[in-house]
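In structure tokens below, several structures.
Each of the next two complexes has chain A plus one more chain, namely chain B in the first and chain C in the second.
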Partner chain A sequence: MKHVDPFVGLTLATSLLILAFILLPLVEMVVQPSVGDLYRTLLDPDVRRAILLSLYTSGLAAIISLLLGTPLAYLLARRNFKGRKLIESAIDLPIMIPHPVVGIAILSMAGRGHWLGGLLHDLGVTIMGSITGIVVVLTFVGLPFYLNTVKNGIEAIPPRMENISRSLGAGMTATFLRVTLPLAWRSMLVGAIMCMARAISEFGAVVIVAYHPMTAPVMVYERFTAYGLKYSQPVAVWLILTCLILFLALRVFSLPRRST
Partner chain B sequence: MILLERLTVRVPGFAVIDLDLEVRPGEFFVLLGPTGSGKTLILESIAGLTRVASGRVLVQGRDVTRKPPEQRRVGVVYQDSALFPHLNVEKNIAFGRRYHMQKPEQDRRLTEIVDQLGLVPLLKRSVNNLSGGEKQRVALARALAVSPSVLLLDEPLSSLDQTFREEIRKSLKDLHHSLGLTFFMVTHDFSEALFLADRAAVLSAGRVEQCGPIQEIFRQPKTPFVARFVGMKNLFPAERTDAGFRVGPFEIPGPAEGTDPDTIHGYAGVRPEDLTLLPPDDGPPGPHLWPGRILEIDARGIFCQLSLEIGGLPFSAAVGMEQVFRLGLAPGSQVLVDLPPDRWRII
Partner chain C sequence: MKMKTLVLFLLAGFCLCLTAPALAEEIKGKVVIFHAGSLTVPFAEMEKRFEAAHPGVDILREAGGSTKMARMISELGKPADIMASADYKVIDNTLIPAHADWNVRFASNQLVLCYTDKSKAASEINPDNWYEILARPGVIWGHSDPNLDPCGYRSLMVLQLAEKYYRQPGLYDKLLANRPLKNVRPKSVELVSLLKTGNMDYAWEYLSVAVQHDLKYVKLPSEINLGDYKFDDYYKQAKVQVTGKSPGKFITRTGMSCTYGLTLIKSAPNPRAAEAFLAYLLSPDGGLAILKEMGQPPFEPAWVTDEAMKKRLPVPLRGLVEVRN
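Presenting the complex of A and B:
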């Protein structure tokens, strides 16, 4: 009989266990609702609205992270300055803080009693119970994923390429646009996907800042508490399927092209 | 030309302090030094890629110390080429041209350079599929395409294998000859400098140990560090005598006339290739003939590095394999070594 090294066997066994652990509950949830239930749920305008709102707000959080987070990711990747480690730790804080605490932290600044909340109120911006509030929360929780991915992506580009570009006459902006960006866009796209994926799944912080308008995770929770498992499952299935299609499409799009 | 005046550059854990260096117009200047001696830091200060703490950097007589790299007109070629992987060969070469007004003769010159470097058939190719030598030729063309006033080369041959190294070395020499441009190259390889440089400086821990024509550095190193760096492996502390110096049984006449006694470090050295090995029965030991005993033979292709003991001192000799076979050398063999006093250098 062919001898199998115990290391290989152990590796395979634990890998299969982990895969089953991740996939079984999800597969079970997807196959449990009947096609009729799924169809009826899709016809429900509230469900469609919640899923679209989740996509819209998390997409917006990803775009905001991309536009405002890229310069910080660039700085962290390229510059050595005092307090860099501190900033890097601060960036990871939203990952560690319990989600409801994130919601409470944001609300504590958004009230009229706070100078920033007062200023926002004067500008007509409401955080509590608004789409703006949801986007703020989702950006908060999604940003670390964007920043870390893009920072690693930029670090992988040899600084010497930027040096060469500068020596050839391109200024800092031109160098970023003509050298760094074309080489980092893939990591930016992956970062945005990670950010959006994290944002779309957020429940704990959103439910504190904005129960309404209802995002898909909040609706799943509401249907579960009000009507039970059977009614919450189809909404969850549609959310999972929508995300799966979206992220698969983006992943395929961002895969490195085979060099010719 | 490049002029560094009391240049001070600091990076964490290392500093170049108060460095003075002059690179003359149109010369091929090589800055030599081991890894970590500050060569690349100095090169990047000239290019404006490292912040200068104090001192001045002048390029073509213009003070560029506080100018950003894009305003210096200084071409840079790194050892790893640093080609832009998202652009093809042609676009890499043309990258910087939009930032500089190009006169018709400069356009013509670029066409000649591209042709001279044999890049015409490669123009539409992806840079990711080029050989090491081709990549380095593209990097050269890209740097020269913006008509820089000086060209800085950071170990341009180090990452190439032997065949490409010789090819690029020749290209560099030809380009320097045809363009008449100032070339400033940093390297740790003395043999590259010997082939390419007009003048050179040897750097150790951020300080210039010796600067001058390359033959002079080779023939008359001024410090023990430079001597070892240029391959003078047989280096011994020397005793001063009335007639000159003594190393073990070897009497060595004093240094060349006009040498400042303060610059003598009290060492005497002889290059491994200056030891001539003869069969032991070639006659009785004379004033220049010393009996020696082979300790170890380190074959390196067609050449061979011999460790041998002469007059109680450990020596290193470089000989051809053919001679090793002819003399039947093996560890323990006896030989006669011809070592006239004029082969010694006082350092």
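Presenting the complex of A and C:
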């Protein structure tokens, strides 16, 4: 009789449990609305606008994280300096802070009562109720996900490669662009996906800074409280499907090519 | 031996019967109250004092636009014991008769234009020029969502009445043109934090909220501030269209003096403790006194529209409410 290691059974059982835990509520939500409700919701221009706004603002947050966050990720991966652990903990703060608190903090700084807010108002930049404000909030909550992913990705690249490049005469920028980047771009893409995924689902902070223009999560909540489940579920379904397709595509794109 | 156990049982049963009334006196459990955002400060104080007097009770409040809170009960089936609305009509339209049987009017309010010393033109605004300042480009002013909050549609009514009162045709549209959607918030008390952080210059609020949050405000003539029931015929001129039960359906709200209403929900999970709280709320030295000291004039006593409704009230409340036609 074949002896199966109980480890296998245990692992399978708990894995199935976890998968069911994740998939059951989502499947339930997708099948509950009728096809008619889903179609009508897709035709609603407000819904389409909200989903597009969510995609746009979270995409922008991911791009900003990529452009401005990569240097910090590189620094944390390569250099060991005093206070490094402190900075790494600080980067994780946006994950821990309750979302409404994030919104309140940003809103307090954005008003005329604050020196920075006063300056922004004089320059004509509004944070409250604007796309700028939404992107600021989404970048704040998405940055840790980008930074941690890319930091780990760069740490996995042997520094030897960069050292060889430098020893052969290439400057720091050239080394980064021609050696590090080609090896790190997959983790940067995954980091950007994580950042965008986190940003697109943000609600608590966004609803405080900007109720209008409405992102998709805010619309789901507004419809839920104003009209009920029947009118909010279809919006949630379309948002989930859109994100699923987008992230699946990006992940497939980032798969390493099989070596011959 | 058998006799002894029988006597013991009878004795135990007798003692239980003695203590049963005492147990019945004790009020305990959770009481869920859905209420208007503008009632937050006075209700928080009532909660504190009531819980101190009845340690077994845990009052759980949830505040929001009254329309939204009522729909949570009627459309979403969220469990609640009490509903207190900034507009009694919300209870009449949304909760009676399926979720409530009666509607007690317990307080009034009026609308004022709030601001802080950080607001633009704060030093020059007064009851005669406020509508000119609100029309100025660069002035950020807002109100709550008329679809979710009575304060929202009441703000719009004030503007409509202002157009008639100050004899300025087109004023309503002119003012709304200077109020982009981003200045509309679901709950009126959210506007307070926007004012205080300097993100908004002027906001339409109830007088009680302005007083409770230490805001500066412009008081308006009784003809337009929706605060005096004697001007109900003048207020009737204002009409605002708001969304109905589903997207695409609309209801028209007609101007009337601010009258707050409350009711006990039929499917209340804890009716006894809820009735005790309502009795406290409606007593002149209990909740009504708290409302008065916080800048919101209560009706003393609270009232209902007819004798039949008074008979439907729970027994502890009948003595605290009068009939007014």
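Heads up, the rule we're going with is that the second predicted complex is superposed on the first by the 253 of 260 C-alpha atoms of A that agree within 3 Å, B and C clash if a C-alpha of one lies under 4 Å from a C-alpha of the other, contacts with A are read in each partner's own complex, and residues count from 1 in each chain.
The criterion applied here is as follows: contacts are C-beta pairs under 8 Å (C-beta built on N, C-alpha and C of every residue); 3 or more make two chains touch, one makes a residue touch a chain.
Note that the structure is predicted; figures quoted are calculated from it, not measured.
Undergrad: Is A:167 touching anything from chain B or chain C once the two structures are fitted on A? First, second, both or neither.
TA: In the superposition, A:167 touches chain B alone.
Undergrad: So, does A:128 touch the first partner chain B, the second partner chain C, both, or neither?
TA: In the superposed model, A:128 contacts chain C only, not chain B.
Undergrad: Which touches a greater number of chain A residues, chain B or chain C?
TA: Here the partner covering more residues of chain A is C.
Undergrad: Using the superposition on chain A described above, determine whether A:213 touches chain B (first), chain C (second), both, or neither.
TA: So A:213 only meets chain C here.
Undergrad: After the superposition on A, what does A:44 contact: first (chain B), second (chain C), both or neither?
TA: Second partner only, chain C.
Undergrad: Regarding the shared-chain residue A:117, is it in contact with chain B (first), chain C (second), both, or neither?
TA: In the superposed model, A:117 contacts chain C only, not chain B.
Undergrad: For A:202, is the partner it touches chain B (first), chain C (second), both, or none of the two (neither)?
TA: neither
Undergrad: In the superposed arrangement, which partner chain does A:228 touch: chain B (first), chain C (second), both, or neither?
TA: In the superposed model, A:228 contacts chain C only, not chain B.
Undergrad: Overlap the chain B and chain C contact sets on chain A and report the shared residues.
TA: Of chain A, no residue contacts chain B in one complex and chain C in the other.
Undergrad: Which chain B residues qualify as touching chain A in the complex?
TA: 12, 44, 47-49, 68-70, 72, 74-76, 78, 80, 82, 84-86, 95-96, 98-100, 126, 128-129, 142-143, 145-146
Undergrad: Taking the touch rule as given, give the residues of chain C at its contact with chain A in the complex, in rising order.
TA: For this pair, the touching residues of chain C are 64, 68, 71-72, 75-76, 118, 147-148, 180-186, 193-194, 196-200, 243, 245-247.
Undergrad: Going by the contact rule set out above, which residues of chain A touch chain B in the complex?
TA: 80, 158, 160-161, 163-172, 174, 178-179, 182-183, 259-260
Undergrad: Provide the residue numbers of chain A that touch chain C in the complex, in ascending order.
TA: 44, 104, 107-108, 110-114, 117-118, 121, 127-130, 210-213, 222-231
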